[in-house]
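In the part that follows, the structures are each spelled out as structure tokens.
The same chain A turns up in both complexes below, where it pairs with chain B and then with chain C.
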Partner chain A sequence: MLQVQGLQVSFTVYTQGLRQRRLTVITDLDVTVRAGEVVAIVGASGSGKSLLAHAILGILPHNAELGGSISFQGKPLTQARKEALRGRAIALIPQTVAALDPLMPVGEQVRLAALRGGVPAAGAREVVAASFARYGLAPEAARLHPFQVSGGMARRVLVSTAVVGQARLLIADEPTPGLHPEVVTETLGHLRELADGGKAVLMITHDIEAALRVADTVAVFYAGTTVEQAPARDFAGGGEALRHPYTRALWRALPSQGFVPLPGAQPAPDALPPGCLFADRCPLVTAACRVARPPARELRGGTVRCIHA
Partner chain B sequence: MPEWMSFAGRKLLRLITLLVAVAIFSYTLISLSPIDPVDAYIGADMLLISPEQRAQIAARWGLDQPPLARFIAWARELAGGNFGTSLIFNRPVLEIIGERFIASLGLMATAWLVSGLLGYALGILAGARPGSLLDRAVRLYAYILASSPSFWVALLLLMAFSVGLRWTPICCASPPGLLPEEVTLAHRLHHLILPAITLSIVGVANMALHTRQKLIEVLESDYALFARAQGATTRDLVRHHGLRNVALPAITLQGASLSELFGGAVLVEQVFTYPGLGEATVQAALRSDVPLLLGIVFFSAIFVFAGNTLADLAYRLVDPRIRIGAATP
Partner chain C sequence: MLKGEGLGVRYGKQLPWLFQDLEVALEPGEMVGLTAPSGRGKTTLARVLAGYLRPTAGIVTIDGRPPPTTGYHPVQLIAQHPELAVNPRWRIGRVLAEGVPPAPAVLDALQIDRGWLQRWPHELSGGELQRIAVARALNPQTRYLMADEMTAMLDAATQAQIWHAVTVYAAAHRIGVLVISHDASLISRLCRRVEVLPEPPAICTAAQMDAEPGLRGGH
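So, the complex of A and B:
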């Protein structure tokens, strides 16, 4: 359904003295999502992974530049195609209710999303009512304003906006931010259900545990690259089946896996090392690692960017 | 206590503080000004009056009392609703203000509505496509007008339309020489049109720039980005999210603009010799009519305050966060 290869997102920024500089936030991102599948992109908060969603939907700011290739349903996803498909074939589930108009009742906003998604105006009300019913929202909830809805309700409303338009690919940006455990379970359940219903779901998150609960595949994002794509089942035991040292470190840092912290921090986008981006923190680093960026290669049913994996 | 009651209480308290402050300030200013009330009263008969007679008049008015005692006496009269008698018109100040206000009301209301609506519309058009030709034209217009004094614009329009083209009358609120009964509505409108246009086009600038800026902010907001992700076009965004979200700050601005409108009306009425409150203000100031001047100062303070309060109320009705938030805690 969706194939992203070597995606690059960079920004032209002005530094002191009006000097132009290019800041590359995503250097090399690969991910593939098939129908019926939940794929999670996991990376640290604030590492720029949300830009992937914006890149797919064609809503990056004007000073952004896009490299690499994105294809959707087998055809390249050009800006014109993004504009034609967003809301209709590809829908975003945003992070918070801040993505809703503060002055408009939520029901009205779901209806607008339906209209924008190509639902005929005559049937829009029924579609909204049906999706409210499906997500257990009372019909009266439609009249509430965003500031009145609780965290769990907000999630359901946000999912509703994305599914009323019959999209084939759903992109959930950080779907479980600081939610109550029950709401997290419910939200993840919705994503799984959508995938089981034949949609492709791309979930962008910093929460690896949440990702592992529903995802079929996990892509690990580090310093602007996807260092590994692995089937979720490889996250087991001591992480022996995992391919990249960073993935393994992430796995071991989980509370359930012994809480082993990984010292150091990700390199900043304007200070990337020339060789492997993980070299400064990698326990397996050798001189060869620092020579060139390891390309992505297939390994045991996944991909990895590490020469020693 | 219900929300609206505490709102009304707060407003009332603020109004009282405002009026007390205005009383103190204006009284101090007038006391410091070179206006001598006795001279102003006597006017041209000055040479016929002996110093003894002057002293008598001053004593009768209590001018020999210390300033604080005079202030208290004056404030007491004010609180009782007695604003005194206008020296130039020789009639109660409140009567003059009422009369003049009605004449100004049509002018100010027209200008207020036209500048608000036109400014809002231009701001929306400009803000929807920042950098476009239309946007640059609106901005140029707004910057030029925002920096031109209203009396100057009034003079230019007067020269063009009244002197040059002779489409509009040169002065007054009705044709000179007609008895009040003979003046028709058409006459009044004909005389109103140019002053109203002057005030409107000057007032448009602020509203247009402000609306443009707010719309640009809305179009860069998270919810606008999400709407775009849903496939919304700019037109859709402006229509469904822009108009509403920009209307709120616009209401506040338009309420606050009353004070500027009042100031603008003073000058514009003077240029057009339009017998409104503004013209009376200038007369009162030029001819040292202290009671009338103070009356107008008070009236305008109350007027502007009322305008702001109305804007506040409208805001509360439009914004669901306040409307519903207040009802359901």
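So, the complex of A and C:
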């Protein structure tokens, strides 16, 4: 359904006066999502992984440059196609209620999303009612404004807005930000059901535990690159089945695992090392690692960018 | 000891209590977990203890005396979003120099790259900025730390790194830490004692809970 290969996103920024600087925020991002599958991209917050969603939807800011390739349903996703498909075949489940119109009742917003998604106007009210029922929203809730709904309800409205049309690919950007466990479980359940119903779901998150609860595949994002794509079942035990040293460190850092800290910090986008991006923190680093960016290669049913994996 | 006695908060005479008659005690050097479903006022309690919000009822004391009302507050609050806690127009170096500058050992423990000091807040990632916010609070004038979902938005590696630095510093300097989190495994890693905020005393409808600022949308 969706294939992203070697995606690059960089920005031209002006610093002090008119000095130009190019910031490469995404260097080499690969991810594939098939129908019926939940794929999670897991990475540090503020590391630029949301730009993937923006790149797919064609809503990057003007000073951004895009490289690599994105294809959807087998055909290249050009800017014109992105604009044609956005809100229709490809829909976003946004991070927060801030994405809703504060002045419009939530029912009306779901109805407009249905119309945009290709639902005929005559049947839109029924479709909205069905969607409300499906997500456990009382019919009266349709008249509420976004500020009147609770955090959990807001998530249901957001999901409802995204799926009321005929989207084939759903992108959920940080669907579980600091929510209470029941709301997290419910939200993750919605994503799983959508995939089981035949949609392709791409979930972008910092929360690896949440990702592992629903995803079939996890792509690990580090310093702008996907260092590994692994089946979710590989996250087990001491992480022996995992391929990249960073993925293993991430797994072992979980409070439910070893809670082992990983020394150091990610390199800044304007100070990326020439070789492997993880070299400065990697326990297995050798001189060869610092020569060139390790290319992605297939390994044990996943992919990895590490020459020693 | 940091103590809250008979604490209660409500946002109007007609509105129900968010919590009432709450007793809290935190010893120097102790790490205590605090959990409860959303809407019970965990964030509000942290704000009361850190002096950001005057409770409707009850008092907060440190070693039997009310905390100072001016100058540096010995109870520091670190919340989920560091972007809201630093001045966006100051370089990181200036953000850190405000108040009591942290010791180099603290910057090292939090793995703060000295290159960040020249940068603007928006140039750092969430995890990097949160380390700055934590570094700012780890100084000799801080006696207690209210960590309100402090690492909820961070990746696991950064979360473990920050908590290791905080745990070591708090033990060495006898700082009491209140760990507010939805993550039960995080709390059980850090705390021997866990408190659960009781159900609100009055019947509290969803609409009324939503009236409390700072609790909607999970924050």
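To be clear about the criterion, the second predicted complex is superposed on the first by the 309 of 309 C-alpha atoms of A that agree within 3 Å, B and C clash if a C-alpha of one lies under 4 Å from a C-alpha of the other, contacts with A are read in each partner's own complex, and residues count from 1 in each chain.
By our rule, contacts are C-beta pairs under 8 Å (C-beta built on N, C-alpha and C of every residue); 3 or more make two chains touch, one makes a residue touch a chain.
Note that the structure is predicted; figures quoted are calculated from it, not measured.
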Touched partner set for A:Arg88, first chain B, second chain C, both or neither: first
Chain B versus chain C as contact partner of A:Ala271, first or second or both or neither: second
Which of chain B and chain C A:Gln148 touches, first, second, both or neither: both
Which of chain B and chain C A:Ala249 touches, first, second, both or neither: second
First (chain B), second (chain C), both or neither touched by A:Leu112: first
Dominant toucher of chain A (residue count), chain B or chain C: C
Common interface residues of chain A - those touching chain B in one complex and chain C in the other: 96, 147-148
Contact footprint of chain B on chain A as seen in their complex: 54, 57, 59, 83, 86-88, 91-92, 94, 96, 98-105, 112-113, 116-117, 145, 147-148, 161, 165
Contact footprint of chain C on chain A as seen in their complex: 42-47, 96-97, 147-151, 154, 177-183, 206, 208-209, 246, 249-251, 253-256, 259-266, 268, 271
Touching residues on chain C, where the partner in the complex is chain A: 37-39, 80, 111-113, 115, 119, 123-129, 149, 152-161, 163-164, 182-183, 185-186, 188-189, 206-207, 209-210, 215-219
Chain B to chain A touching residues, read off their complex: 222-223, 225-232, 236, 240-241, 244-245, 248, 319-321, 324-325, 328
